[in-house]
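Input: a single structure, listed below in structure tokens.
Letters A, B, C, D, E and F mark the chains as written, and numbering starts fresh at 1 in each.
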Amino acid sequence: MRALFIGRFQPFHLGHLFILKEILRENEEVIVAIGSAQLSHTVRDPFTAGERFIMIKRACEGAGIDLARVHILPIEDIHRHALWVRHLETLVPTFRRVYANEPLTVRLFVEAGYEVRKTEMMRRNEYSGSEVRRRMIEGLEWRSLVPPGVAEIIEEIDGERRILDISKSDAK
Amino acid sequence: MRALFIGRFQPFHLGHLFILKEILRENEEVIVAIGSAQLSHTVRDPFTAGERFIMIKRACEGAGIDLARVHILPIEDIHRHALWVRHLETLVPTFRRVYANEPLTVRLFVEAGYEVRKTEMMRRNEYSGSEVRRRMIEGLEWRSLVPPGVAEIIEEIDGERRILDISKSDAK
Amino acid sequence: MRALFIGRFQPFHLGHLFILKEILRENEEVIVAIGSAQLSHTVRDPFTAGERFIMIKRACEGAGIDLARVHILPIEDIHRHALWVRHLETLVPTFRRVYANEPLTVRLFVEAGYEVRKTEMMRRNEYSGSEVRRRMIEGLEWRSLVPPGVAEIIEEIDGERRILDISKSDAK
Amino acid sequence: MRALFIGRFQPFHLGHLFILKEILRENEEVIVAIGSAQLSHTVRDPFTAGERFIMIKRACEGAGIDLARVHILPIEDIHRHALWVRHLETLVPTFRRVYANEPLTVRLFVEAGYEVRKTEMMRRNEYSGSEVRRRMIEGLEWRSLVPPGVAEIIEEIDGERRILDISKSDAK
Amino acid sequence: MRALFIGRFQPFHLGHLFILKEILRENEEVIVAIGSAQLSHTVRDPFTAGERFIMIKRACEGAGIDLARVHILPIEDIHRHALWVRHLETLVPTFRRVYANEPLTVRLFVEAGYEVRKTEMMRRNEYSGSEVRRRMIEGLEWRSLVPPGVAEIIEEIDGERRILDISKSDAK
Amino acid sequence: MRALFIGRFQPFHLGHLFILKEILRENEEVIVAIGSAQLSHTVRDPFTAGERFIMIKRACEGAGIDLARVHILPIEDIHRHALWVRHLETLVPTFRRVYANEPLTVRLFVEAGYEVRKTEMMRRNEYSGSEVRRRMIEGLEWRSLVPPGVAEIIEEIDGERRILDISKSDAK
């Protein structure tokens, strides 16, 4: 069975990693779909799809996950909800089960006939992307919330400085 | 004289039907333009263009309106206000008079040289799409606000459940 | 049973009308989907979606077809074949059977699980849109190939002159 | 040295003119890039790119600025921040220095390797586009905030009436 | 009277300059609209809008043309012919007369009610963009066909090498 | 050193696999960028991005390639050549060297400052995607041209039938 794990991963944190391991316990393969791939350089979505892709790959390697079982793919938004599931289906390998959390995403997959499992049950609230970003902006400790490989990449791209700068903005 | 009646019709309610009959009293034909046709699956715009189209057609049939006099057409947004009237003009038969309510829509048609009649004078506030949607979300009675054919279609597509589910979301 | 009849209708000719009547013999309702709705002002696609819509409606009226059974709707291209059927599905009422002719269109509906009937068996080759357009450009008689209501509309919009002028062009 | 001066210029006011003169003191040529060129007919962005273009040109003429040294160009938004600087680069002549104020814009040019000078130091706060628009909506005196040529164009296009009308709207 | 001169200017050659001077003899101001502004790096459209903009400006300066009377503006294609004139109207100052040559462009402005003058009468065939590009690809002399300022810019951006390289390609 | 290998992979054949192994001999990691990801269901581009992704992954597994060193990513076209390299850069991890063959692609990366190595030197002509597709359409043997894992996936999705059907079409 191949499953889909959909999220924005801004950034990929330890909660995501925990869920990913759980999914791999229940399924042979997982597609990690990087949602809103076109977004970057905003407080809510600071990192590009390419940056998020390499964060997830490094986190998997660091956790000893077999990369043959994980498929990481960017998915741009399409701004038409009724088309979004089909859009995603054309960009990734086939799958049968979905792990998601956002109510709209859940609803769209349910209408399309997929089995959906909510990830919020899976300790999601202990870690969150918005908490990581808030700490970056306020100059607080955030490294303990993400896998070491993710922290390294954020440092390489000067991610803290980027999010701090754009936090003074209202958006383009 | 052919007139244009523009709205989002989320969903088509008894206030819309009342206005439509009024327009047909003053004009030979009417184009019912379904605005924001690309939107669906949000609390403000729960229904697809195809769903709204068939709601309007059933409501007309139920009210004994001559379908040769009514042209129902979806209009996607174009996200450039200065182009929007021209965009609409290329998708519908020619028309001379416009029935609209939203101030921006009115302004755009006025700048394009059309005669515009405001529909708010026409009992609009007794019924409203947002009220119908609010009642659906809160589990209150809403069927009395829409034509019977519209209520049937909403039931067929499990519309109450859709709007309830996505009301827990913040939007994609 | 509701069926879908998909075409570009540049313009709607007697062959189309013949097929439409056949479809209404086999089905209760038909959706006439005007494909490539965004195109106009080219030799292959001279007429806007709005012009084609009113041609089809007038042709139905002229043929005494019950308009409650016919739903005419413009469908813009989406330039991603794998998404096109889903795109169409969100814009029109639900349907179960498809009448089409173009092999790609047929293939896309087959992959989506629809029953598809080829219209070419239905005398299509006696009449064709390209033949009507060729005659317009060469100044030959073309009115006998289209319903009278269609010929009237083409005259109203000075369609012969338009196609002649743009035939000297290579496209924008 | 050729510099870039980026803004929305809704409308071009005396603060903009002051900055433009300063830039021409420090640089041989300046590109005045009209941002969000696709927007118009909203309270925040009432004027089209064409209207803003002619306002800026008239303001330069009125101020005796040598037009061979000023290049005025519209730039549509691209809705992908990581692509925006490159998008702009393909539409304007080459430049080396940027004058901007909005933190996101500043950040994007810094990541692309440009020297950026903040315009807020240059008396920006005495004049502002939002103040001009607020006064128009409230019927207050606004002409003293813009160059005479700009006021003339706003009158020609009945700009006060436009912004007043759409201020009653919530947006399309 | 303000006129519009529309072309792709790939590149701006002596024929264009001749026409521009003629237009300025008949009109007070001219808008030089750079069509297909989004295109570059193809054999038919090798130069970006920014490169074409500065070519035209330098050619005007070299010819002693008063820059207050000339407005140079890029216009991206919109891929919907029926919207194209309106699209252009929102991006440029108002105009009353059009100088164009391509039959489709002429037809679109005629349908929109403009007075159109064909430029082909104005010696167009002595010079042509396709001839300049052909000579570049075949290593023949082309500088005598363009204003000196244009030749300088093509050299600065290594334009000959670009067009030669992409002439081996079929297009992306 | 991380390298980029760009192609359409319609489908991924033994020539591609040979090049991929060569690249991994010269570089630590490689990004396999699936170009024109939005295309499918045409004779030239029959397979979706998701189908091509899983073909490449299966081919790597079958060839014993370490998946930690290979990053497979879909890249949609952007239809503006001057933006395309930047578009790709935002979707993939950083890279320094490019392996490509198409002259336009080579030129765009060269203008962006990358080191580019032509893949045509690397036995490309023995195998080609167009040859595989031609054989499918003509009912000839094609399996020997692709890795076994690719042939299996094409069978699963009934790829031969798809390409045969659409070969009768002219395109949508």
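Rule of thumb we're sticking to: contacts are C-beta pairs under 8 Å (C-beta built on N, C-alpha and C of every residue); 3 or more make two chains touch, one makes a residue touch a chain.
Just so you know, these numbers come straight off a predicted model, no measurement behind them.
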Neighbouring chains shared between subunit A and subunit B, ordered by label: C, D
Partner chains shared by subunit E and subunit F (touch criterion as defined above): C, D
Comparison of A-F and C-F (more C-beta pairs in contact): A-F
Shared interface numbering between subunit D and subunit B [over half = same, under half = different]: different
Geometric centre distance via CA averages, subunit E-subunit B, whole Å: 44
Geometric centre distance via CA averages, subunit F-subunit B, whole Å: 46
Rounded Å distance, subunit D centre to subunit E centre (Cα mean): 26
Residues of subunit E whose C-beta touches two or more other chains: 40, 48, 80, 82, 90
Overall pattern in which the protein chains touch one another (line/ring/star/complete/other): other
Pairs of chains found to touch, sorted by chain label: A-B, A-C, A-D, A-F, B-C, B-D, B-E, C-E, C-F, D-E, D-F, E-F
Contacting residues of subunit C [partner subunit E, same complex]: 38-42, 48, 162, 165-172
Residue numbers on subunit A that touch subunit F, as the complex places them: 37, 40, 48-51, 53-54, 57, 61, 67-68, 71, 73-74, 76, 89-94
Complex contact set, residues of subunit B against subunit D: 77, 79-82, 84, 102-108, 110-111
Complex interface listing, subunit E residues touching subunit B: 80, 82-83, 86-87, 90
